[in-house]
Amino acid sequence: MKPLSVVVRTGCDIFAWFLIIFGAYVIIHGDVTPGGGFQGGAVVATFLALLLVAYGWNRLSLWLNESIYNGMLIFGLLCFIILGFMGMPTSFFYNFVAIPAAEVAKTGHGIIPPSGTIALMDIAVGIEVTGGLSLLLIYMFKGIHLFDNYEIGGESGHDR
Amino acid sequence: MNWQEHLPALILAIPLLGAFATPLFSLGGKTLRNVWMVSISFLTLVLAFFIWKYVGANGVMVYVMGAEKATLALPSGMTYPVRIILEIDGMSAFMALAGSIVSFAGAVYSVQFMDRFTGMNRFTSLYFLLTAGMLGLMITGDLFNFFVFLEIASVASFGLIAFWRDKPEAIEASFKYMLISQLSAMMVLIAIGTLYGRYNVLNMAGVASMLHLGFAEKFVLAFLVVALATKCGTFPMHMWMPDAYAEAPAGVTCLLVAVSQASLYGLMRVCFSLYGATIGSTFIPWVIVIFGTASMFFGVSMAVVQHEVKRLMGYHSISQVGYMLLGLGVGLLALGNPQAMADYGFTAIKGGVYHIFNYTMYKALLFLTAGALYYATGTRDLDKLGGLARKMPYTTFMFAIAAAAISGLPPFNGFVSKLLIYESVFAVHPFFTVAALVTSILTLASFVKVFQTAFLGPEKACFATVKEVPTSMIMGMAILTLAIVLLTLFPTWVLSNLVEPAAKALVDQGGYIGAIMGGGL
Amino acid sequence: MIGNAPFLIVGVLFLMGLIAVLTEKNLVKIAIGVSIIESATNMFLIALGYRSGGAIPVRFLAGGEKLMVLPTPQALTLTAIVIAMATTALMLSLIMLLYRHYGTLNIDEIRRLRG
Amino acid sequence: MWNKVFTGFGYWDVISWLIFFFIASFFALWLRSIGRRDYKEGTEQDEIYWSGNPVPEDGAEISVPASSSYWGFRKALEPYYKVLVAMHSGHIRDYVGYYVVTAALIAALILVV
C-alpha cells in the first residue's frame, strides 16, 4: 500500500494526536459522562487506523512497536482483575475506595459523588481496549500478506 | 469472614486471572507457561471440589458481586435483586465439578500435545477464557450474565477451533460454528431482553418468582430452547458439531464437550428453574423428548458410516446428548404430576444427570485418545490406521475402557446411567426405550469398527516407527480413565452423593427462587 | 401507535439480516447480515429501555418530579456491542483466512467438511 | 457403599458382575490351559494361512479398511443414508436454514398448543 498524498498525510498527522486526547478524555470521564473505557479506547485506537491509512504498512512498520500495545493489553487486563481482587475481603469487585453518599453530603464534595474503583476500572478497560483494538488493526492488516512469505502449511505437525 | 463464602467468585476469577496473566508468564519461557497452565487448572479443580463440598453441606450458595455483604441478595428492603448474583445449587456444583475435571485433563494433555506449534500464549489464554466461560455459564444466576458467558465461551471456542490456522478445514469449521452460534446467541439476547421488558429484572430467580405464562413468555421459551439446543448439538441443528469437534486440537475438543454440556445445563435451567411448573402445556417437554430421540438415532446412524476417527466421535456426541435430552425431557414431562414424578420422572432425571457426568468423562477421554492416535501416526483416517495396539499399549487400554463405557457395556458406568434412562422412559412409551437400545447397539458397532481398524489387525509398514505418546498426554488420559473407573466401581456412592443432590436441586424450583428472593414462591 | 415503531423496525431489520445470511453467496455479505442482526438486537434492547414519563439516565438531568429510567438496557446494549465487535472482527479475520486458503469468497465452494 | 442401585423396575450391582467376570475368566483361562497338546512353536503351525497364497510383507495389504466394514448394513439402508448424507451437505446456508425453520416451527406451534 502506497502512502497517500501529502495533504492527507498532514491532515492525519494533525488529527491523529487530537484523537488520542479526545479518547483519553472519554476514558477518564467515563464514570460521570456518557462514554467510558471501551468507547474511549476505540477512539484512541483510531490513531493507528488513521496513520495506517495515510502512510501504509511499509512506512508505519518502521517505527511501530507492537510490544507496546501488547503490554497495554496485558496491563489493562491485569489492572482490571486485580482491582476486582482488591475488594475481596468484602466481595469480588467491591468498590473499596468509594466514599459513602452520606459523607459526601457532609463534606460538600460537589454534586458528583466520587465513584471509586469504577473510575479506575474504566481507565484499566480503556488501556486494555486501546491495546487490543490497535493489535487487532495491526494483525488484520498483516493478515493481508499472511501467506506471502511462507507456504500454506508451513507449520507442520498436525495432519492435513 | 469466612473464606468459603468467596468460592463462587474465585472459581471465575482464577481462570480469568490465568488467562490475563499468561502472556506475563510466557515471558519466562515454555516451562513456566506450562507449569502456570497446569497449576491454574488444578486450582480451578480444587475450587470446584470445595464448592461441591460446601453446597452439599450448606445448601444453595449465593454470591453478590460488589456488594457490602457478599451473601445478601436483597439488602435493606429492596424488592428486586439488582446486582450480578452468582447462584450455585447442587446442579451447578455438579456441572462445575465435571467441567473442571475435564478442563484439568485437557490442560495436562495439551502441554505436550501442543508442543510443536507456535502461538501457544494465545492458546493458553483462550483455553482459560473457555474454562471461565464454561464455569460462568454453570454458576451464574443472572440472565444477562448468562449471555455474556455464553459469548465468552463461544468466542474463545471459535479461536481455539481455528487454532490450526494453516489448515483450511479448521477455518471452515470455525466459520460455520460461528455463524450458527451468533444467530442463536442473538436469539438468546432477544429472549432475555423481552423478559427484562416484562419484569424489569434480570435475575433468574427474580424472573422465575414473577413469571406467568403469556404470549411473550411462550416466544421467549421457544427461542431459548431452540438456541440452547443448537449450542448443545440437537438433531436438526447439529451440523456444526462434528465439523468443529473434528477440526479442533484434541485438548480443546475435550473441553468443548464440557462447554456443550454447559449449554445443556442452561437449557435445563431455563426449563426447570426459570419456567418450572409454569411451563404450561406439555409441548416443550415433548419437543425436548423428540429432539432427544431424533438426535440419538440420527447422530449414531451418521457415525456408523464415518471413516475419520474424530468426526465419528463428533457424531457420537450428538447421539449421547440425545440420551440426556430424553431423560431430562421425560423428567420435565412428569414435573407437574407428583405421582408420575415419583414413579418414573425422578429416575429419568437422575439418569439424565448421571449421564451428563459419565458422558463428559468418557467422551473427553475418547477425543484425547483420538488425538493421541494422530499425534503418533499423523493421520486421522481410519482407512490408513491399523495395528497400533502393540505400539501404543496405554492408549489402547484407555480407548477400550472409554469405548466400553460409551457403548453401555456392563460393568462400566455408561451402563448404569443408560439403565436408569431405559427403565424410566419405558413408562412414557416403549418406543423411546427401543430407540435408545438400538442407538446403544449402533454405538457399540461403530466403536468396534474403530477398535478393529485402528488398533487391531496386522502391523503396517508405514507405522513401523510409531511410538507411545509422551508422558503428559498419557497423564491427561489417565486422569479421565481414573474418573471412569471410580464411577464404575462406586455407582451407589455416586448416585447418592453426586447425582441425587443435583437432580433434587434441578427439580426444586422453590428452593432456587427462595435462596435469592427469601422464602417460597 | 408510534411507540411501537422501534419494535417494527427491529423485526424488519432482523428479517433483513436473516435473509442476507440465508440467500447471499458472498462471505462478506453474510458477515454484514450477521451485523445487521446484531444491530437489530441492540435496537431492541435500547427500545426496551425507555418507559413513558421517565427521564434519561444521566445523573445531572434527572431529579425533581421526573424519575430516571433504569440504565440497565443501555449497559446491556454496550456489552452486546462490545461482544458483537469482537465476533465481527473474528469473523472478518476468518473470512480473510478462508479466502487465502480456498481462493474464493463464494460460500458454495467452501464445503470440504460434509457427509 | 456396595449397595445395589435400584431403578424402580430392577437393580444394578457392580460387584456381582465383577464376580461373574472373574468366574468366567477363570473358566476361559482353564479351558485355554488344557488346549491342544500337539501344538509346537516354530514349526509350520505358526504360519499365517492366507488362502494358500504367500503372505505379503506389509500388513497394509491384508487389512480391511474402515470404509469397507458394515458394507451390507449400508447397502441395505442405502435410501435412508442417501437422505441423511444429503442433509449434511456442507452448505452453511442449509444449516442456518434448518435452524431458522426449526425455530420458526417451534415458536409457531407453542402458541397453538
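Going by the order they are written in, the chains are A, B, C and D; count residues from 1 in each one.
Methods note: contacts are C-beta pairs under 8 Å (C-beta built on N, C-alpha and C of every residue); 3 or more make two chains touch, one makes a residue touch a chain.
All figures in this text were calculated on a predicted structure; none of them were measured in a lab.
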item: Top chain pair, ranked by how many C-beta pairs fall in contact; value: B-D
item: Subunit A-subunit C separation of Cα centroids, rounded to whole Å; value: 23
item: Inter-chain centre distance, subunit B versus subunit C - centres from mean C-alpha coordinates, in Å; value: 28
item: Between subunit C and subunit D, centroid-to-centroid distance (C-alpha), Å; value: 45
item: In subunit A, residues with contacts to at least two other chains; value: 147, 152
item: Multi-chain contact sites of subunit B, meaning residues that touch two or more partners; value: 175-176, 179, 183
item: Multi-partner residues of subunit D (each touching 2 or more other chains); value: 85, 88, 92, 96, 100
item: Contact graph of the chains (line, ring, star, complete, other); value: other
item: Interchain pairs in contact, sorted by label; value: A-B, A-C, B-C, B-D, C-D
item: Complex contacts: residues of subunit B adjacent to subunit D; value: 175-176, 179-180, 183-184, 187, 215, 218-219, 221-223, 225-227, 230, 236-237, 239-240, 281, 283-284, 287, 298, 301-302, 304-305, 307, 343-344, 347, 382-383, 385-387, 410-411, 415-416, 419-420, 423-424, 426, 445, 449-450, 452-453, 457-462, 488-493, 495
item: For the subunit A and subunit C complex, residues of the former touching the latter; value: 32-34, 36, 38, 111-112, 136, 139-140, 143-144, 146-147, 152
item: For the subunit C and subunit B complex, residues of the former touching the latter; value: 14, 18, 21, 27, 30, 34, 37-38, 40-41, 44-45, 48, 70, 72-73, 76, 79-80, 83, 86-87, 90-91, 94-95, 97-98, 101-102, 110-113, 115
item: Residue ranges of subunit D in contact with subunit B within the complex; value: 1-5, 7-10, 12, 14, 17-18, 21, 57-60, 62-67, 69-70, 73-74, 77, 80-81, 84-85, 87-88, 92, 94-96, 98-103, 106-107, 109-111, 113
item: Touching residues on subunit C, where the partner in the complex is subunit A; value: 58-60, 78, 82, 89, 92-93, 96-97, 100-101
